[in-house]
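Below, each structure is written out as structure tokens.
Both complexes shown next keep chain A, but they swap its partner, so chain B is in the first and chain C is in the second.
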Partner chain A sequence: MANTYIQIASVTVGSGGASTIDFSSIPATYTDLVIKLSARVTGTGTSANIGLKFNNIGTSFSGLYLGGNGSSAVSGSPVTELTIWTATYNDSTANTFGNAEIYIPNYASANYKSVSTDGVAENNATDGRDAFTATLWSNTAAINQITLTPQVGPGDFMQYSTATLYGIKKS
Partner chain B sequence: MTTAIEVNCATGEVTERELTAEELAQREADAAAYAARKAEEDAVAEATAAAKASGQAKLAALGLTPEEIAALSN
Partner chain C sequence: MATTYEPIATTTLGSAAADITFSSISGTYTDLRLIFEGMAVSAGQDIYCQVNGDTGSNYSHTRLTGNGTAASSSRGSSLAFMRFSDGGSPQTTNTSVTKVDFMGYSNTTTYKTVINRADNSNRGTDAVVNLWRSTAAITSIKFYISSGNIASGATATLYGIKSA
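On to the complex of A and B.
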């Protein structure tokens, strides 16, 4: 890991679960942001999607996704908000958690922001799901708040889910 | 279990609170909107896959080998 990786904040969900995880007042002193997410979500299914909002705005996202489930590949131009396949549902193998990395370069610039994600809905069985996304947020505001929310259900983050926000400096 | 965990990155303060009525309504609306979009995407994907399979079956009926069909599909 680069020595410019600096942990800004980290959250571990408690026994009561959580509907959203929100990082606010993010300092503009870094070059890029990275979120490392480990998540298990209430509900049933093959993979739980997590939605992201920047500055409490869930629109002006456009992008592509590429995914696979071990037997077939899928791709497309999904939605108007940023979605990552990352969480494991509660009917998956016990004690497994999905995980993802969300990379946001130049988050404090006055230009549109690109976002790339790599996520897997781990199941420790034959049916796991993985997907990459490449997304553009067509908004020139500096990102100072990031909100993570399970989309389907709506579900909740379960106990021991974690989200850690890192700042990266170019030098 | 409808709580929000908020981390103020400037102060390091972590707050756990119940969602407001407005936030609960927004959460339900977001989930419903997502489900609708997902259903639409799934329908398009299924239609595309069905059209592809139908086209490949017609090509096979014309006598093309699986290799030739694969070459045309890429």
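On to the complex of A and C.
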């Protein structure tokens, strides 16, 4: 039987950093998409959010999140940050990177697109975090481009941050 | 490289249905993953599951839920079903996404642990662990909602994952 969990593209950020990670020309031949992200970003803080754009559109997103910071659990509604606490800042413990899985079922359909994310940012300090998000992109276009952008001031992805896009076929 | 992630079966509902069932699941994989996306005919329903047709009080779960305002946790024991969702349940106007992992589903020596995430962008997000207190290999999965039907257009796909 065919292997149906297939790497479409992978990006590793070089020494100069990167303001975005972009996957373009995504074929419509899969059923679902998955992004595995390992990220550290410039700037300081507890943990960073990574924003999503589909087809270079950053609007029509809605959703909510559930997270924990080591002392309490919270739930809220992000407006523009569509993955929560999925990257470490540069003032975190050295060599630590946040991680996330972004799952997009039926990305090529003519329906609105649901997105499920799991993210963590652990740093051996007082404020490691993890979070889940449920997101809806109210757009019927097939997704053919995904752009990841740190949601912090001028923050950039730092060297060795990686993102890999996989396609999954149901048959 | 060995093939380690394979589709076993997929269903897209052409009309509303009470459940989606995968049967005659072979024991040749290490784990199973089920992906569901869809809506319910009526609002406020939770996602349930039974395996191998077991309707006895052999299931328990613990769940963590956020509804966009508050986080909470609760559990149930000696139930007749697994429960996959609370806030992340299917609604009539927003699709829900549910990702379920059946760990070591085919071994015949341990009870089966099932972990899942359920998301509904308008209602909530859940992380749940279920336990089925049986050492039998899982050979069928009935995926359904607490009351009423799953809406037309819902999709569910079962994948097998091999460790080698």
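Note that the second predicted complex is superposed on the first by the 163 of 171 C-alpha atoms of A that agree within 3 Å, B and C clash if a C-alpha of one lies under 4 Å from a C-alpha of the other, contacts with A are read in each partner's own complex, and residues count from 1 in each chain.
One rule holds for everything that comes next: a contact is a pair of C-beta atoms (placed from the backbone, for glycine too) under 8 Å apart; a residue touches a chain by one contact, two chains touch by 3 or more.
Just so it is clear, the model here is predicted, and its values are computed rather than measured.
When the two structures are aligned on the shared chain, A:V13 is found in touch with chain B, with no touch to chain C. Once the two complexes are laid over each other on the shared chain, residue contacts for A:I57 go to neither chain B nor chain C. Looking at the shared chain after the overlay, A:S114 reaches chain C, while chain B stays out of its contact range.
Of the two partner chains placed by superposition, only chain B is touched by A:S24; chain C is not. Of the two partner chains placed by superposition, only chain B is touched by A:N49; chain C is not. Of the two partner chains placed by superposition, A:A142 touches none, neither chain B nor chain C. With both structures placed on the common chain, the touch criterion links A:K170 to chain C but leaves chain B unconnected.
When both complexes are overlaid on chain A, the residue A:P105 reaches chain C alone and has no touch with chain B.
Annotation: chain A residues 74, 76 touch chain B in one complex and chain C in the other. For chain C in complex with chain A, the residues that touch the partner chain are 1, 3-7, 10, 35, 37, 64-73, 88, 94-97, 99, 117, 119-122, 124-127, 153, 155, 157, 159. Here chain A touches chain C in the complex through residues 1-5, 31-32, 62-68, 72-77, 103, 105-106, 111-112, 114-116, 118, 132-136, 168-171, going by the rule given at the top. Residues 8-9, 11, 13-14, 16-27, 42, 49, 51, 58, 74, 76, 78-81, 83, 149, 151-154, 156, 165 of chain A touch chain B in their complex.
In the complex of the two chains, the chain B residues touching chain A come out as 1-12, 14, 16, 19, 27-28, 30-31, 34-35, 37-38, 41, 44-45.
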